[in-house]
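Heads up, the next two complexes both have subunit A, just with different partners, subunit B and then subunit C.
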Partner chain A sequence: MPNTKYDQQMEFFVDMQRCIGCHACEMACAECETNGQESMIHIHYVDRAVTTQTTVQVCMHCEDPACANVCPADAISKDDFGVVHTANTARCIGCSNCVLACPFGVPQKNEAAELMMKCNMCYDRTSAGKKPMCATVCPTQALFYGTREEIQKMRPNSTPVNKFFFGMQEVNTKVNIMMPKGSTHLKVH
Partner chain B sequence: MAKLPTSVENIIDKHGPHKNFTPVDGYKGTHEPDALVKTHCCFCGMQCGIQLKVKENKVVGFEPWMEFPFNEGRLCPKGVQRYLQNNHPDRILSPLQRVEGKGFEPIGWDAAMDRTVNEIKRIQRDYGNDAFGMLSGVSLTNEKSYMVGKFARVALKTANLDYNGRLCMVSAGAGNKKAFGLDRISNNWSDLKHAEVIIIAGTNISETFPTLTHYIWQARDNGAKLIVVDPRVTPIARTADLHLPIKPGTDSALFGMILKILADNDWLDHDFIDNHTSGFEEALDAVKDYDLDWAQETTGINKDLILQAATLWGKASTSFLLHARGIEHHTKGVDNVVSCINIVLATGRIGRPYCGYGTITGQGNGQGGREHGHKCDQLPGNRDITNPEHRKYIADVWGIDEKDMPGKGLSAYELIEAIHRGEIKGLITICFNPLVSLPNNNFVREALEKLEYYVAIDFFLNETARHADVIMAGSLHEEEEGTVTTAEGRVVKINAAVTPPDNARRDGDIIMELAHRLGAGDKFNFENSEAIFNELRVASKGGTADYYGITYEKIVNNMGIFWPCPSLDHPGTPRLWEDKKFRTPDGKAHFNAAPFRPSSEVVDKEYPVVLTTGRVVSQYLSGTQTRRIGKLVDQYPEPLLEIHPKLAYQYGIKERELVKVITRRGEALFPAQLVETIREDTVFIPYHWGGVHSANQLTIGTLDPVSKIPEFKVCACKLDPTGKLAPHPSESNAYQSN
Partner chain C sequence: MYRLIKTLNRTALIKAIIAALAVIIIVFIGSRNLQHFDAALIAYLFGTVFAVFGVAYRYSVWVQRPPTRLYWRRSWQFLLSKDFAQYAFHSTKLFFRNIMLQRHIYPRGRMRWWGHFMLATGCLIAFAVTIPLTFGWVHFTLEAGSDTTYTANFFGFPVSQFELGSPIAFATFHALVWCSVLVTIGAVIMLKRRLTHGGMIATQTFEGDWLPLILLIAISITGLGISYDYTFLQGRTHQFMSVTHAITVILFLIWMPFGKFFHIFQRLAQVGANIYKVEGTRRGLAKCPHTQQDFASQLHVNDLKDVTKDLGFDFTLEDGRSHLDYSPEGKRSALAKAHFQARKDAGHFFG
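And then the complex of A and B:
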């Protein structure tokens, strides 16, 4: 795959506190020609009855992706740059193993197409030196695409974290979430 | 005869609103566009840069415009989806006329023009020139705003022209003129980045100006403290350092209290007050009896929070205060504005880097559109239509005798009242949907039905235009070149991406032809938009909003120019007042006394709950455009009644139960949304919908005595739960204004 302009210094950062729940990211994502007007990023209220806090759900691009590991058809692959790609349409059998296995609950099965769909970090844009569409339009930059040095300089009160613990299981991801300064990991359970 | 010609269902069936979605595979040509046109979003005052993809004279998508400095590609959902207003099945493709019992049928341009001109002449002959009114709007470019003002005074010869900025920025404009002698935000947005303290009052920034949120966060990254004054925990309030959950209608009490605290603690800039302001003692005298217990009782905000906010503001060395409609939509909107300005002046933090103040202009061209003469009391350059010198200057530019220029007319809501009284018999509208956006809209509907002739220029058949005798098929934002002035005072270029489809015409061409047919053609011989702008430049020269030094070329080369820009070699003015030379008669900034007074309608035993209104992120103003874009509709498909669980419990109201909300103007049913993010004594309904779902059936048409802005943000209501759950939004189809 031609990717001469893919810059490995560029990373994806998610800062939930900046999310205003506007859904611009979803609408921009859906514009991608491969997505068929479906968004691969999802915004949800945490609990609208008590707060306007929203949360971002997007592929975290795991170092050791459970979705790929459980795929019986080898439809999901991780490339040399750490991007976990959406299921290969020719191989995907629509079994939903990946949907069940992902610790972040990201992949969704498109029932109409019998196909698993997820974010591929806007490969068409990022491999051409652009930012992913969601991080481009995000009006608050709750979704930021840039270098680690850039975000540490711009946002000194937060620290990017990409190590998660689900019980005893450690999951490391290509995508970072912004946490209070000095954080090293997020323990989910 | 401005009644509906057939049932509303028939009209909706033919003219919408219908939801437009992008085809699953995208529009044809999206990936190989003929052109990427750099322009701006058609919605709010941020005017984000965007590139429209054009294929075969249709807008088929967008691409972020990374180089435009304000937003660098960032967009809100309305911006992402704005291209879907093009290619829309509801688009009016030719002039239409009302046919009793049938609806609207196409007619030719000659017939539409002839009938309109004949009716204008008949009504003005029988009832006088001012019996034909005009309502305009500030989604129009500077060029069109200017031309509408000239058209009304020179061709239509009526005093009764006003605009929908009357529902938007007029309180801020009046307050700013009182204090500074000029109506513009003092600083550009970049000055937010290093402000130590930011107060945002009555502005739901994250939903109404989402791309501005980034600037607030940049400031916070640099250590700024954020204070949000709002009855609701809006998305920006959620993470604020201080959220002051104010009782609607008490803003001037809060800011008056803060002024008192600043004075008591001597957190004042005496040098600035002494040398560059007037009226400080009077302003302070108006609040001398305030104390924290009174302020807490009046505003409903814990007094410790008020003291903390005042302390943060008082001790800061840099700061920025922003407000919007939340404090301005009141019968004391101007008082609220000057009470904010008073605490800015008291601390002398204006006219310096990272020291700013301003209103956040709401509409796309809310800034430029309020400067160039389609207000009832104004002439281009923000001149005063009652000032003899101003009249003479503009009369000369227009080539007319000053005596022939009409005087001050009625403001928007007063104009509707005059129609209701039978004093105004004919109406032309462009870019205004008063049946959704004005308060007490049952009254507005009654007024419309009394008109002898109503002609609307529009691209979609909005709710008001359903009452028209003739509709002239006008143009979308992307179909006509021009300029707009953003909320930070930056004049930017709107580029035409496509031409109007079928038999639709550019708004400018429609107005010019009407002028010609009304006998004023020699005053409307503009070859193109740039020719209009060049006349506007001359007309604004020497006014407070001076555009003389701005040219199309200069705008493009500099990504916009900030006015005032009085000469061709002037770079523009991103930050005002660095020279401390204010535009008031005495050259000083003016404090203004703003003693607290209650709202026009306060709660009582019969109507015990405060009703306030506002917006949601996926909709824009009266929804003429955004209620036709599928994903924006589906994101928030119907207006909900936000109510605190404790208040809901008193009435036994359950989640999604239909609640009848009743005021002295009307009643309507809304599904309840139980949220702890609102004051316990206040309910909130967004206003973007028409018909039976319209919140403005309930709001009150009382006006600020100075700005004439209606009091949308506070009235008294009562709640009557029905015991029934609301149907699914797909059944109620609120977006259609049925």
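And then the complex of A and C:
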């Protein structure tokens, strides 16, 4: 039965500018047992023709997840800790609604299995009070899992932000992105 | 009580009542005005009528959700189009592949597929046997002038004959025994996964994942108990065996609309989602403004814009385009570029 040692003081902080594209998180992600040994993290060049910048994307665990809302099979759920879980395998019909509706481009569809899969913050580990696999191996701490006090001490000139604007839509998330100090939100478009 | 009824979904309630009444009517028709109805099975009939009511109610509520309604309408629209023959063939193929054989589970794990296939096949055959018996659609009679020839009647019409003691008779009368064996083996395989798989241990719940398997095993074991009783105990424990079996089966029927078993009915939507994908691809693909590559059908992207608006989301951009016009990779890149710009504007890329 689910472990209830989930530590709500711990939060996830992402800083894409620190990503060096080493793929260590990708390898570690595949160790997560809730993914069935499939890596769910996204790392890719942002715009290879003009820059070597890479970006890393984990599920942002939205407060009102678009993926769960557009799921025709009620396969995606958010738990009491705010973790948005990967598709319930019994229900998912592999329609890809969630893949296309997620504003962060997170869910993936396993075509052969006709199943959507996504990061669920290494629930096998976080529900037991441990850190997600990706955050434990990231050498530049582009991915960091810890308390707000810890991140403030490490990044005194940054502010964690969890409010995003995609055009008219405001999206609030459980996962934070490290922004310049004093920022309140990130406007994507 | 009145307040409770007022909270019910009226459309779903009407459809559920119609479905339940339809079952009662076909019981009367199939059993020739209850002539062939087996009164010993009355409790199972009540359980089935309730299950039909509950499943129809939940299904109707489910289909009213904007994304589900979209797939429901689109599936029927494409199936009943000028390409009916092609989509009917495609749907039939998918029905056997994904519903009867559950082949989509195989890539998720070979033993997982074996477990689910045995469990599901046992259940489906058991439904096919017990529902016509419970409804009085099927009954057996002795052929006139013979005390060894059995006739199987369907809706009161004779459909086949077999000799008592023959292999066909043995296989027919023990059909539910074979189902019980299949279900038990399948459920044990699935239970073993739930005991040993770290990911499942972290996310499973008792009522959502364990109880359905325990209930299926209980139904199978108590069902086997009835056969064991009349084969080896001369029926001495019949009352106990039949009552315990009835309790487990009726619990299953009553719980079917509310718990995990509802996915049996939801799974059919997978066929509709496949047809939608085929038709969408045929109508043209959407190109991501960032990657400049096709990533989904334009139909799907456009439909999702409407569905998200129905659900209270508005991803419309200032220039009139939509964030949903971007592929998943394009969306991730847009976020990274916005983050880069914010850092750049602040004068420090790190901090």
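Quick note on the criterion: the second predicted complex is superposed on the first by the 183 of 189 C-alpha atoms of A that agree within 3 Å, B and C clash if a C-alpha of one lies under 4 Å from a C-alpha of the other, contacts with A are read in each partner's own complex, and residues count from 1 in each chain.
FYI, a contact is a pair of C-beta atoms (placed from the backbone, for glycine too) under 8 Å apart; a residue touches a chain by one contact, two chains touch by 3 or more.
Here the structure is a predicted model, which is why all the values come from computation and not from measurement.
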*Which chain makes contact with more of the residues of subunit A, subunit B or else subunit C?*
C
*In the overlay, answer first, second, both or neither for which of subunit B and subunit C A:53 touches.*
both
*asked:* Once chain A of both complexes is superposed, is A:157 in touch with subunit B (first), subunit C (second), both, or neither?
replied: both
*Should A:27 be classified as contacting the first partner (subunit B), the second (subunit C), both, or neither?*
first
*Could you look at A:175 and tell me whether it touches subunit B, subunit C, both or neither (first, second, both, neither)?*
neither
*A:97 contacts which: subunit B (first), subunit C (second), both, neither?*
second
_Going by the contact rule set out at the top, does A:87 touch subunit B (first), subunit C (second), both, or neither?_
neither
*Thinking of the overlay built on chain A, is A:116 touched by subunit B (first), by subunit C (second), by both, or by neither?*
neither
*Figure out whether A:36 sits in contact with subunit B (first) or subunit C (second), or with both, or with neither.*
both
*asked:* With both complexes superposed on chain A, which partner does A:18 reach: first (subunit B), second (subunit C), both or neither?
replied: both
_Intersection of the subunit A residues that touch subunit B with those that touch subunit C_ = 17-18, 33, 36, 53, 155-157
_Using the touch definition from the top, list the residues of subunit A that touch subunit C in their complex._
1-3, 15-18, 32-36, 42, 44, 46-47, 53, 55, 57, 66, 69-74, 85, 89-91, 93-97, 99-108, 110, 112-115, 120, 123-124, 127-128, 155-158, 164, 166-169, 177, 179-181, 183, 186-189
_subunit A-touching residues of subunit B, taken from the complex the two chains share_ = 21-26, 30-31, 61-62, 64, 66, 71, 73-77, 79-81, 206-207, 210-211, 213-214, 217-218, 220-221, 233-239, 617-618, 631, 635, 645, 655, 673-677
_List of subunit A residues in touch with subunit B within their complex_ = 17-18, 20-24, 26-28, 30-31, 33, 36-37, 48-54, 131, 133, 136-141, 154-157
*asked:* Which stretch or stretches of subunit C touch subunit A in the complex?
replied: 62, 65, 67-68, 70-71, 98, 104-105, 107-109, 197-199, 201-206, 260, 263, 266-267, 269-270, 273, 276-277, 290, 296, 300-301, 304, 307-308, 311, 313-318, 322-324, 326-340, 342-343, 345-346, 348-351
